[in-house]
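Consider the two complexes below, in which subunit A is the common component and subunit B and subunit C are the respective partners.
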Partner chain A sequence: MSFFETIANIDRRVIFLFIGFAVIIPVLLSFSCTEEASPIVQAIFDKIESLPEGSKVLMSFDYGPSTVPEIQPMIDALLRHCCEKNLRIYMMALWGTGHNLISESMVDIIEHEFPHKVYGVDYVNLGYKAGNQGLINVILTDMKKMYTTDAVGTEIDAVPMMVDIRNLKSFDVILSLGGGFPGVKEWVLFGGDPGNVPVAGGATAVSAPLLYPYYPRQLLGLLGGIKGAAEYESALIKGYPKFKTHSHPGIDMMGPQTVAHIVIVIFIVIGNITFFVARRKEGDERGERGILK
Partner chain B sequence: MRRQIPLVITFIVGSVLIISVFIPHKPFGRLGENFSVYFDIIAVFAFILGGGNLLRVHGNRIYRKHKDWPYSMVTVAGFLVMMIAGLFKIGGSPGITGDLTEPGSMFEELYMYVFTPLMATMFALLAFFVASASYRAFRAKNREATILLLAAFVILLGRTPFGVKLTSWLPGSLSFLEIPNLATWIMSVPNMAGQRAILIGIALGVIAMALRVILGVERTYLGADSD
Partner chain C sequence: MDSVFSNTLAAILTIGIISFLYKDNPLYKFCESLFIGVSAGYWFVQQYYANLLPKLFDNLGITRLLGAENVADGALQNLFVRGQWDENLLYLIAGILGVMMLLRLVPQIGWMSRWPMAFIVGSIAGLYFITYFQSNAMRQMQNTILPLNSFNNLVLIVGTVTGIIYFYFSKEHKGAFGGAARVGIYFLMVTFGASFGYTVMSRMSLLIGRLDFLFGTWLGLVK
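Our next item is the complex of A and B:
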């Protein structure tokens, strides 16, 4: 077997090994890359930045643990930004798995980094409700029809920041983080469009291309995968340098992602070289057979 | 009667929901809202149905010692442990209003330290399979495959800072050829155009299907004896 044949028939476990090293080594060496916010990410940052103090931000946690590594950095950066701007944050989930993630984000970011923020005044956890797009359809006209209590059972009218909330139109911006079903798309179709409320989203890298058709008129911006998160973190650090010392997993993960992408590109190049060499060899053999005939 | 009643309900609810979009006033607006609430209430019952179905399917597999039955055992055990931890709020505040996700509660601990790492690991494995599949699939076998290969190449590099460095030497007049700009163009022009075409096609299909269901032409949702 020639060298090119060996390469062409390479065991997939060898590829797995290379990808493993491409991820592990940059993590061990803390290799990270700086990012510049692209227009689609900058649009979300600018929207949050433009909101006056006390504006109402509805944040929907429409994801599960499988996509935490990609979505959580977005949530962390958005929560920090909203807290820094003194916006009122309303957290809810269309996914059952999002319920716990709200609590974790509340503890890790709001309670830990912004201890002066008061639950019920600056932020509230509305928890998970079943119904998918049906839920959005109801809260479009009446929020309290579905949310009679918050996630910990407090009467909704006893939560100070819920007093002046009637429906989705009461919010200044809707942020949906997820990308699966139900997610950003459903918020655009059933919430943002009919209610005329700006919707921004964050999605995994694989589902981000499916949301581009809604940008920029129906979706004001989109954070796509780790890169989107890293870009938002960079924009946040640029705007508020004090966040440089805080955790920025998006930026940190861009190093391993960059190396892994390069390794994949190298494999694709090698694969094509072996393909063309094999095709030429096949052509030569066919030519030789033709001469012999 | 078994068939007529669901058909009548579907016709009334479907028609009212469509009318309420175009005439959001009394009585259609209110009816539309109420039907949406009924939908949300019914959706909750899907969990009971889902849980019951999971137990039935996997219970059957365990009972019959079906191939790979130990996996079914793990599924049922995982389901029951999570359900008991959540229903009885073990380690957390008791009572119907007790917080399920309270730090220290068994449900939260299981979610955080078992469920989250397991799911993240499963999703992370995708990177390995994507790399292996890319190596074998992205071959310039013909014109279409070459276009796909080039697009994948640009997107892969364009999603990294390496792509920026690779073409940053290009003069300003050729900045559109910089890899990140090319990646953005692929995403916002050909990708968007293709996605929109697909979405419009799907939407038209959904409208046609919805009309068939509302008018009772399509009856497969009623079950096997729908004819």
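Our next item is the complex of A and C:
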């Protein structure tokens, strides 16, 4: 059996093994790559950077535990940036699983790294509300119709930072971080476009290609997958070097990501060569048998 | 101690799921079933406390009727005790539609589930009709009307026009029209390739996340 025949019949588990090593070795060696923010990511950074102190940022946690490795680095970087800029952060979720993830992010980033921030004054957790795009449609005109209390049951008018909030148009920017439906697309369609409110998004890499058509006029910017997160982290470190010592999982994950992609590209090239060699060989054999003239 | 136990449990479940890559096995089956069961339970409880309890039972006054003391009177109390109309009574219609949806489980009267389904389809279609037309048709067309003063704009316009030509089947793809359709195919191929690349990146991120957990958080081998 020739080399190409062996490759053509290779057990798929061998490929899994290669991919496994391509990820494990860089993870163990903490191999990482240098990242530079692309224009679509830089646009979000610049928008946050341009907001004056006290501006209102609505952050929607539209994801679940299965996409935490991709979305959480984006959330962490955006929260750090917003806190550093002294913006008011309103956190909500269109996904049921988002509720607990808001609480975790609040503890890990805001309470741990910015202990001087006051709940209800600098940030608030509005929790999860069912309704998907219907919810966005309602809060476009009346926020308090859906949110009568915050996530811990405090009357909404007793939360100081909610006093001057009427609807989505009260916010300076909407950040939707999500991995499916409802997510960034629904925020653009039902919130950003009709309300003329700037919407920026962070999405899993799978859903990112579907969102590119909205950039730059309907979508301010987009963090696409872990690469987008890594680029935002690098922009944040460049703007605020003190964050270099903080965790930056996006940048850390780009090392294994790069090696795994190289291995996959090599497999694709080998697979294609094998295919063409096999087809040529088959053609030669058929020609010898007189099937092809 | 708690984190050691929970991390070990999570690691065993992760390994159990990944073991499917070698071949199907009982540990994988167990982990899969556990995942489905926990997810279903989580969503049921979540939806009950986020939807059914506050919107239906509290608003109608059913929880109050059942003896709950820390809940205000609902629509039923307002109607029958005070004789006042309460707009929350409209939730009764939603509740009835919800019950009708469940009747699908009873074959004899399963047809009744079509009514709430028709309501959902109709309302969602209506909601999307205007939004999609405005955002996905008008705004997208507007976004494509660009000056040909940069390479990016040129690629965008050529890609959009040739892509549309490829999907125009009322004229045979021959001559200049066929050539444009062929260019459209190339643009589609590039799109699919980019999409595939992103999908690989997404799946790899999940794998890296789990392996980082196994070797870093659980075993402590990553600095």
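Here, the second predicted complex is superposed on the first by the 289 of 293 C-alpha atoms of A that agree within 3 Å, B and C clash if a C-alpha of one lies under 4 Å from a C-alpha of the other, contacts with A are read in each partner's own complex, and residues count from 1 in each chain.
By definition in this document, contacts are C-beta pairs under 8 Å (C-beta built on N, C-alpha and C of every residue); 3 or more make two chains touch, one makes a residue touch a chain.
Bear in mind that the values here come from a model prediction, so they are computed numbers and not experimental data.
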Contacts of A:S103 with subunit B and subunit C, given as first, second, both or neither: first
First, second, both or neither for A:C33, with subunit B first and subunit C second: first
Which of subunit B and subunit C A:V188 touches, first, second, both or neither: second
Which superposed partner A:K129 touches (first subunit B, second subunit C, both, neither): both
First (subunit B), second (subunit C), both or neither touched by A:V138: first
Partner chain in contact with A:I24 - subunit B first, subunit C second, else both or neither: second
Touching partner for A:F16 - first (subunit B), second (subunit C), both, neither: both
Contacts of A:N86 with subunit B and subunit C, given as first, second, both or neither: neither
Subunit B versus subunit C as contact partner of A:M253, first or second or both or neither: second
Dominant toucher of subunit A (residue count), subunit B or subunit C: B
Where subunit A meets both subunit C and subunit B, residue numbers: 16, 19-20, 23, 66-69, 99, 129-130, 134, 137, 205, 209, 213, 225, 227, 257, 260-261, 264
Of subunit C, residues touching subunit A in the complex: 21-22, 42-43, 46-47, 50-51, 127-128, 131-132, 134-136, 139-140, 142-143, 191, 194-195, 197-202, 204-212, 215-216, 221-223
Touching residues (chain side subunit A, partner subunit C) in the complex: 13, 16, 19-20, 23-24, 27-28, 30, 66-70, 96-97, 99, 128-130, 133-134, 137, 188-190, 193-194, 204-206, 208-209, 213, 217-218, 224-227, 252-253, 256-257, 260-261, 264
Partner subunit B, residues of subunit A touching it in the complex: 10, 12, 15-16, 18-20, 23, 33-36, 38, 64-69, 99-100, 102-104, 107, 129-132, 134-135, 137-138, 141-142, 145-146, 149, 151-153, 205, 209-210, 212-213, 215, 225, 227, 254, 257-258, 260-265, 267-268, 270-272, 275-276
Complex contact set, residues of subunit B against subunit A: 29, 33, 36-37, 39-40, 43-44, 46-47, 96-103, 108, 111-112, 115-120, 122-124, 127-128, 130-132, 134-136, 138-141, 149, 152-153, 156-157, 159-162, 164, 180, 184, 187-188, 191-192, 195-196, 199
